[in-house]
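Read the structure below first, then the notes.
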Amino acid sequence: MSVVETPATRRTGGSTPHRASGRATRTRRRRQGSGLPWLLSVPTLLLLAGLLGYPLVRMVVLSFQNMRLRELISGRTPPWVGLDNYTRVLSDSVFWTVVGRTVAFTAVAVIISVVIGLAIALLMRRVAHGVRMLMIVAMMFVWAMPQLVAAQAFRWITDSDFGVLNYLLDMLPGVHYQNHSWFVNPWQGWSVITTLVVWAGIPFLAITLNAGLTQVPKELIEAATVDGATFWQALRNIILPILKPLLTIVTTLSVIWDFGLFTQNWALRDGHPEPEYQTLATYSYTQAFGQSRYSLGSAISVITVLLMLGVMAFYIRQMFKIGEVD
Amino acid sequence: MKRKIVAAAAIAATLLGAAACGSKTDNSPTTSASGAVDGKGKTLKVWLMIDAQSGWKGVVDDASQRFTAATGAQVNVEYQEWANHLTKLDATLAGNDVPDVIELGNTEFPKYVFSQAFAAINPADYENSGTWLQGLKGACDFEGKTYCVPYYAGARVLIYRTDLFKKAGIAAAPKTYDEFLSDADKLQATQKSDAKFGAVYMPGQYWYAAMSWVKASGGDIAKQDGQKWVGQLSQPSSVAGLQKWVDMAKKYSKADPTKNENDQAGIFAQGEAGMFYGNAWEQGAAEQVKKDPNDPNSKLVDTKVKGKLAAAPMPEIPSFLGGSNLGVTAKSQNKQLAAQWIKYFTDSTSMAGLVKANALPNSTALLDKAAADNPTIAPAALAAKSTWFTPNAEKWADVEKGNILQTMLSDILTGKKSVADGAKWADDQINTTLNDN
Amino acid sequence: MVATTAAAPAARPRRRVDDGVMTVGRSRAGTIAANTIGVIFSLFMLFPVYWVLNTAFKPPTEVLALTPTFVPTHPTFDNFLSAFKAQYFLQDMLNGLVVTLMAVAGALVVGFLAALAIARFKFFGRKGIILVILAVQLVPFIALLIPLFLMLQRVSLTDSLIGVSITYLVLILPYTVWTLRGFISGIPRELDEAALIDGCTRGQVFWRIILPLTGPGLVATSVYGFIQAWNEFIIINTLNSPAKQNLMAWLLQNQTTRGTAWGPLMAGAIITSIPVVVFFLIIQRNIATGLTAGAVKG
């Protein structure tokens, strides 16, 4: 990977092509003064700075202040409290329970979704054409359903009075699920939420991984079969290694989405998740907007971003390399 | 185009970090609603809750017309949903383009009054202000001034199935709590074959109901002790009330312990319960549903329980006095006009309209007349004479929004926590929330 | 590796799905089992969709029945009519489309430029830009709600479709840049170099080579932006009043205190999903390939 020598030596005018060097050394990028590329990047950078950067800075500042409703309404600068919000959050066992719950949920949901997604992707290669079309159509419908709509649908299906799930379960002999409430027991409630998240996440995973599987050379698998490899051996030794970069990306993406779980538990709990249904996102939202502890909510958000950055440093490095290479 | 440039320049200015601006409202004079105001060319922005639109839009329009005729100002009413409305309100109040008149639930008001969101008004300017319902007015008072105007009230009553009562051999609505329980037993006995049937429909997070039981036992939610608020739920009398409520709900209710009361009328209409505890209008909501729920003028469709319901005060259980107040925002540019509009919207003419729409008027003086004019709300009007109200603490709304009571009730009803443990937990939460700075 | 996948539509013709890839352990019984599992899986996936449809076509009394019916006994369009007649529904649908299209179009234009810079130029600060674009995707937008609101309020862009459009634009921008970058670097550099040798100007290279070849990438990228913007409800619900919100916020608001009206809610939900389905149908060929490059879910 050749990184630029010195831009200055190449100052021969922004638009002059460098035929010789470009072709001969296969240097992949034109080099010149950074005027044009910066010009191209300016609109993006300005927008990001204005609508993301500035609020972000305000959020961080807010986390060192104590902004309550009174300050919000009057517009007075809230009092500075230093690290108070952080000590309060970090010494609160409720917060750590929420962190633990969010992490646990993310781990479980991601593992289930990726495993099922991969299984479905493999299955799609195995089934008849008609069945594959059916699977694709089914997944497209699920995918097209907005998160909020999907969550409402699940709330309706699991409703204790009118839900079809209780009705169907109740028809099983010896099972009494009339008026069963799925959210009394957090294990059951989280099963519903996880099912929803996995259900909604599978189409993306299965279709992407299926596309990735087209990259697996047929000849390799055939050769393996000739050598007497079982399906599992072929999977472990041929398919997974080839799929690995793609798997890494879809897994990290799933981690980001599931870690930020908000809509699903929010909507399934009708806009007021009980303590055992709080995740980091809903917890920070409830603190900030529900309790008008804007500063505390900001502190939680800052910590969340830091946690994410820590976990995702790996992902960013991976993506960064990709961006660097080509 | 020009506007965009201005906007871009302003964003730039903001980015450069202009200092926070805003005006102090502490010492603003009391807004008067008397005398003539010329409002020609002005438009008043009013936020009412959705109930006004679905229940008594005619009253709103009539008041606005009279207001416009008198002042020349136009009125623009926007109807808000209860779900999440405070979040939106907070964001709006933070800005400068705020509504002039805002309706809030009475338990929500103190937080905003303490936070100086509303301007002081002069009670004498409003009709019946001498006899305003205390449960409504209490939320408006702060440091000797009044910051809002009572709008309407609701009291909860016992709504029951007359046909099932008859079948069980019960002649009249229960007069004592013991009678209520024995009636529930009788209903349960006659409907034994129906596994879905519960004598009482009592959803688990219905805290207005549960706290009424607490009050009935002499308990309380929280009490002020000097500067501090102290949760009272783990006091013996409160625990006794909670226990009484849990025992009743466990024995007679098949309702979801994690639901609140929002859907109770619709669920009760399925005919699988004998009694429920609700607002007067919920009797109507259980008997008839709108064919098209999105159309305020929709045809009504009868439900299974049509013509089989009656209401009576819940014996020995004081009702929570719910309701709404109206306030003039501190940042309003049209405070006097706003106060005038409220005057029209809360006068006796408007109150008569509300009574017709099954809401309780804002004054004790009007309650008896309301009961006489509209038999549907007579039991509620009666119940409104013995009511309780939530602690008048600045942060009370946060207790509600934090779902502290709801969570505790679900927990003790499902056995996740014992009543004593649940009450203790709730007290801790209440103490933190109410005394939080 | 990944970049190759992302660039597939631009760089080389899509390979037809090959039935024979997974030939290991293929047996008749296995095939039957696989097909059966495939069908069961599809039914499981479709069940909630079916149940939404089923509910939407039921009259109110049948919706709220303790014994659910699996086919509406008295099918009706009332719920759909009700949704259409409901206050703000049509307005919000239009708003949603306007806001979403403005945001997507804006993000494509702005993002394309930045993507071009990152993919085709080596310059001082490039690494920094890449890092920023990757990192900002981790920021939870909800946390920025209040500062964002205060800022937009100051420039009178709250309760305005423009304010929301710009916000959504920024929301989908990082991922748009990142995805387009993948597509652009999928175009062999030799192509533009050859064109330059032939005497094309920079501008001509852009218009005649890069832009046409990124076409499928632009389409694929726009879908995810579209879904993202179309599905958002927390920001718009806070920034704007009901007359200036979108369908998602409308759905949220449509649960009245007097009980959830499930029928019209489900009907509204179906209508809300339609634009996304249509969009999917249009770009279905590019879906799988576009995905791997982006980092924001639909």
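Points worth noting:
The first chain written gets the first letter, and so on, giving A, B and C; residue counts start at 1 in each chain.
Throughout what follows, a contact is a pair of C-beta atoms (placed from the backbone, for glycine too) under 8 Å apart; a residue touches a chain by one contact, two chains touch by 3 or more.
As the structure is a computational prediction, the values presented were derived from the model and not from experiment.
Farthest chain from chain C (centres taken as the mean of C-alpha atoms): B. By the count of C-beta pairs in contact, the leading chain pair is A-C. Once the centre of each chain is set as its mean CA position, chain B and chain C turn out to be 40 Å apart. With centres taken as mean Cα positions, chain C sits 14 Å from chain A.
Within chain A, contacts with two or more other chains are made by residues 50, 54, 72, 161, 289. For chain C, the set of residues that touch two or more other chains comprises 64-66, 145-146, 150-151, 252.
Under the contact definition stated at the top, the residues of chain B that touch 2 or more other chains are 11, 14, 83-84, 87, 94, 196, 263, 267, 270. Contacts from chain B toward chain A in the complex involve residues 11, 14-15, 19-25, 83-84, 86-87, 90, 93-94, 111-112, 114-117, 195-196, 254-260, 263, 267, 270, 330-331, 398, 401-403, 406-407, 410, 414, 416, 433, 436-437.
Against chain A, in their complex, chain C makes its touches with residues 1-3, 5, 15, 17-26, 30-31, 34-35, 37-39, 41-43, 45-46, 48-49, 51-52, 55, 63-68, 110-111, 113-114, 116-127, 129-140, 142-148, 150-151, 166-167, 169-170, 173-174, 177-178, 181, 185, 189, 193, 196-197, 201-202, 227, 230-231, 233-234, 248, 251-252, 262, 265-266, 269, 272-273, 276-277, 280, 284, 287-289, 291-292, 295, 297-298. Within the complex, the chain B residues that touch chain C are 4, 6-7, 10-11, 14, 18, 50-51, 54, 78, 81-84, 87-88, 91, 94-97, 196, 262-263, 265-267, 269-270, 272, 285, 289-295, 301, 303.
Taken in their complex, chain C has these residues touching chain B: 60-61, 64-66, 78, 81-83, 85-87, 89, 145-146, 149-151, 153-159, 162, 237-239, 241-242, 252-261, 263-264. Those residues of chain A that touch chain C in the shared complex are 3-4, 7, 15, 17, 19, 22-23, 28-34, 36-38, 40-41, 43-45, 47-48, 50-52, 54-56, 58-59, 62, 72, 120, 122-129, 131-132, 134-135, 137-150, 152-154, 156-157, 161-162, 164, 167, 199, 202-204, 207-208, 210-216, 218, 221-222, 224-225, 229-231, 234, 245-246, 249-250, 253, 256-257, 260, 262, 281, 284-285, 288-289, 294, 297-298, 301, 304-305, 308-309, 312, 316, 319-320, 322-326.
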